[in-house]
């Protein structure tokens, strides 16, 4: 309905390949960016930052990471929680070991470390497939959590066994530690999300992405036409690990500030992120955002309705939440395996054809 | 005889018994997987749910009591009667059959022909759903479960071993009973699937859906049946664990214990599940006993997985799984 | 016509057929006890259309899978450009310039036609992960150059109108054509076609035959194809290998094959003993 | 009339215009073609280089001044370049209809004595090679798309790009010669020769001078204030004068961009992508488009459908007025704005008309409701009246004075006069030089003072000064009772019904009128589906009683409206039949520009015509048809002939007295 594509033609492959080939979409994207960077920081307050915005940004990064591995390369992983933990602890160790290096680089480095670990645990994927692999990744989950629990070097021998993020600043503005301001932490995470999304998009629209998808859609054929399965899969694990590591680092350093690995990065986390990409849409960057937003907002919404409005005890609401999430997963898998992203695509097609039905 | 070895033997025995329980849970997976290609992650939650239901029925709990109270401001909790264990168990089985039917009708009928991985993720969703329902129905506080199974140290073994090694093995009666029941059940299931008509039908389905259809086996019926059986297995497992350490969320984690067993034994092999179970059970106990202290203990959390993982890399189809021949 | 492995000759329709590019030497392939291919030898000459025919279960597909390195024969060797080919992974074989299509289409259902065709170029693109991540310089350059290559093939096979359609939505006939495009775009030195006309109606078969001939004609591509539809093969190919029960029962020009008793028997299904 | 003997500041030839454009808008897009998935782009200076290269190449092949060079193929930049290149070397381009049959081509090639042919692809090359035996002067052929031609004998066959390379190679030595020839071109040297398909007899070669083309282009461009910013889609036959004026004349005069579609079947999507600002289409294109719009809307959800109908109704009410800049109530304006957001805008967008500033239709009368539909959407669709001999423009409609029933006022620099028999004559700088090698028909059409007979009968409306065309002059005849007989007038009224694709009315010298009807397969077929009427073939559908019912209703309503015009009330249709085959250019029943060849049809279906008059209720007939692949075949059918109610003429006559 709002699309005016006549005259919006492409005279070069660069234009044709761009992320938003349609003018209208492109402008909408710019608007979103402008709002995210230019407006929200001025309106933001602690409640929204902590209840929605920060978790949304951070989970989006994780979801993008997992989506590359699962949605694009077809390798299901249940180790996300463990890998986030790697990111978190790597970041912690770096922060404490090199206090005068900018936190920004710590986070990046944490991503790098996680990429390596993730690749290592990806090795079995060369031999085992499907849910054999999914189950195998649980090994990573349990082993890593156990590791960070037992080996006190990781938490600098602190008595509590917790890790606490010391204060670190960017351009003199604290982004971690006790006295941070909402807008600063928000922007810090937003920058990482934006970069991650762009990188992910570039990788998935190019030859690398095609190799991944080829493996996903039909690994044997892919190998026969020349995809090196080992490189394709391991690169997916690496890239995925990189993003998940970053999100883990941010989750610990910026969002929570203090982490006890078992609670924060347990298997539930792995499932949560997996659900995000299932509901949001496998094999779609936008889906990663949508899924993260949805599953972050759901509890907030339920709390508002259940607890604040109807005044029910929180445990009931928590249980209802379990039911809803579970049901949603099943419903999406049955009705719309490509999740919210697909619904969005369909809606968009309809709008483009408007007023015609098809 | 050196002391260490004696301890090891004790550990070994305990491992064996744990292993049998693992095997039991794993069996639940294998049944469903063989018959419908579904890898049922919800198995563990089913155990939890069935145990909760059992307790609930025995105590005469009002289902959804605290929801009702929350909505209508009432204050109901119990009907005020109690139900004898056996009857309660039968009722619970009925519930699990009902559950099996619902799962088949509302979920997996619509997912026929989907990739295994999709089905797997669906069962994760199911697990969440069921856990939520369980908590809503019977509330989530830890419950004691006592269906009259013997508990406490087994004096006989204690004395007997003391006489031999002048060190008394600590073996819990419950474990022994559990092991026996589990062993019985495993045996029963094997026989069932080998000799009973339904069992053979089930295997037919497993081997080839079309063929099964052509010989007039109702897929729907078979699938409901295996889910029911799995439900029953879950219940038994639930009772064991429940009696041992109370009915609580952690109970659902036994599923996670069973996964490596499957990877080891192969998802499609009943004997595999049994052997795998024993290996894991013994293995993790011995590893904890031998290596645990050096690395800070609690290695059970991951030992099974890493073992299975390493194993898989060398034999992807597991101990007894069929070899996968790829074609184009 | 007796030819040396290096000789070349010109067909009556004016195509030049070069020397031998690939040779199968006493290939034997077993699955457990089952013998799929029994001691088969034949060669493929540069620029020719070489057909492998035979009744179902004759081992044709297995032979193709041996050539494309997916199956490893227990005995015998594959000579490529005269040199024995060491045992290599399928993707390494592909990198040597051997492309193929599949009997039951093996397209990447989740991608558009264009992306599927582009995958055919993957061995021609080697910009690193980082370059692609920032999508600047070489990465972008390669993408554009290869897009053009892909578009040329798309144009050649007349599938422009479905360029951006997800392959999952395409009818069977078109899928086959897209798969051909994917194989062709890699500029293969040998193109293997596994039953290119299986399950097609008459017009689709005619189209496909035309395209196969055009490909061979325009790009001089060497083509080895499997087909059980005798008629089609006879019109298309320069030389034909006939297999039956894993054995080679005939090898020669279509006309030779037509009057080959063993072949006739095999096709008339004379009892094997 | 003003004689600009030396053009505007010395631009006396198309090549001269090209050089001006290359200089003035050097890096502005001149040509685009959808190829390899994107719109390939050539700026004016690039185009100039390409053309020079080709021109030089032609020199190397020994093209002489005054040679005729045939150009055959669908609209492609290369072929437009070919035209200009040919002009640059002093030769004369002769574009041919690419869908013409081999023998049709043979005639033209032979008539103009083409030494060279520039063909698009294998198909065209084959056609020419088939007939080249009979062509004494034919020497060499250049082809564009090498596909399938590799093995052809290249003795006198050259690939377009190779010729250009040869040209580039010979640049230094041949450039002077090229320049000399370019200089030599003047305002009266021949610009192009176009063959009129001609509704009767063999095609005639219309010779148009640079003056004709450039003056006309100048006037018409100024008339609609066309700028270098326009985009047009070149999809109409290159051999048709209209395409030559729009895609070459005006394009070169104003320097706007010519866009060529990827292929015939992607035309609609390409149109949508480009979104032209200046657009021409014959009525039937608009007609079919409207039909498809309506059909597609049929499947819309009831609610959406209602919205669509509601706003379309509103558009009908105020749309044209708003377009003509008349004042409408604020509320209506608001409603229209809303409608534009919800319906018109999206609709124009999906049709590819969002950017259309000026749209023209001509060649046939266009149905009022079709015409109004597009205008009500806010598309400035206008009518013009023209012909090859006039380099198109005779009359056209100025903005603000647009109506479906007139063809507008004389174009700038055009004089009109109406002969006593009602035939329209014109005189202008666009007036053609001559019919090539055909002095006498030149004399027939063009008198010494330069007045040209259009062959159409019409009159100039009092007050508005707009020209109204009734019919082909030669078709206008008298019936046995002396009443005026204007078949086209009636046929058009019939054709305004979506169900009716073509109609042929007979009655000259007869006592009453009868008609052949051709149903429109898309419209009727769709209707049949909705009323679940099964049909196996066009023929079966055409013969279906319920179809005949509907057609009869149409005929009778037409009769009523015809009867209202006292002058033509005699032309009401008494009997009609629905033809069992679609009238087709391949069978010679239509011209290549889809005009009915009344005479030929009359002869070919004589049995049917007789049946119409001898009162028989049905008639068995056999007809020869030509299939796409050129094979001929027979189809036979028994056609039902229907009587249609007519308004008693006498009554109206009395009323008139």
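We just call them A, B, C and D in the order they show up, numbering each chain from 1.
Simple rule for what comes next: a residue touches a chain if its C-beta (ideal position, glycine included) is under 8 Å from a C-beta of that chain, and two chains touch if they have at least 3 such contacts.
Owing to the predicted nature of the structure, the values given are computational and were not obtained by experimental measurement.
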item	value
Per Cα centroids, the chain farthest from chain A	D
A-C against C-D, pair bridged by the larger set of C-beta contacts	A-C
Chain centre separation (chain A, chain C; CA means) in Å	42
Chain C and chain D: spacing of chain centres that average the CA atoms, whole Å	48
Geometric centre distance via CA averages, chain B-chain A, whole Å	33
For chain B paired with chain D, centre-to-centre distance based on mean C-alpha positions, whole Å	79
Sequence positions of chain C contacting 2 or more other chains	70, 102, 106, 147-148
Residues of chain B touching at least two other chains	328
Shared interface positions of chain A, touching two or more other chains	12-13, 220-221, 224
Complex interface listing, chain D residues touching chain C	35-37, 147-148, 150-151, 262-263, 265-266
Touching residues (chain side chain B, partner chain A) in the complex	39, 66-67, 70-71, 107, 110-111, 114-118, 120-122, 124-133, 135-136, 139-140, 256, 259-260, 262-263, 267, 295-299, 301-302, 305-306, 308-309, 312-314, 316, 326, 328
Parts of chain A lying in touch with chain B, wherever the complex brings them together	76, 123-124, 127-132, 134-136, 138-139, 142-143, 145-146, 149-151, 220-221, 224, 267, 271, 274-275, 278, 310, 312-313, 315-316, 319-330, 333-334, 337
Residue numbers on chain C that touch chain D, as the complex places them	13-14, 114, 147-148, 151-152, 154-156, 160-161, 163, 214, 217-218
Chain C contact footprint on chain A (complex, rising order)	12-14, 17, 199, 202-203, 206-208, 210-211, 213-214, 216-218, 220-229, 235, 239, 283
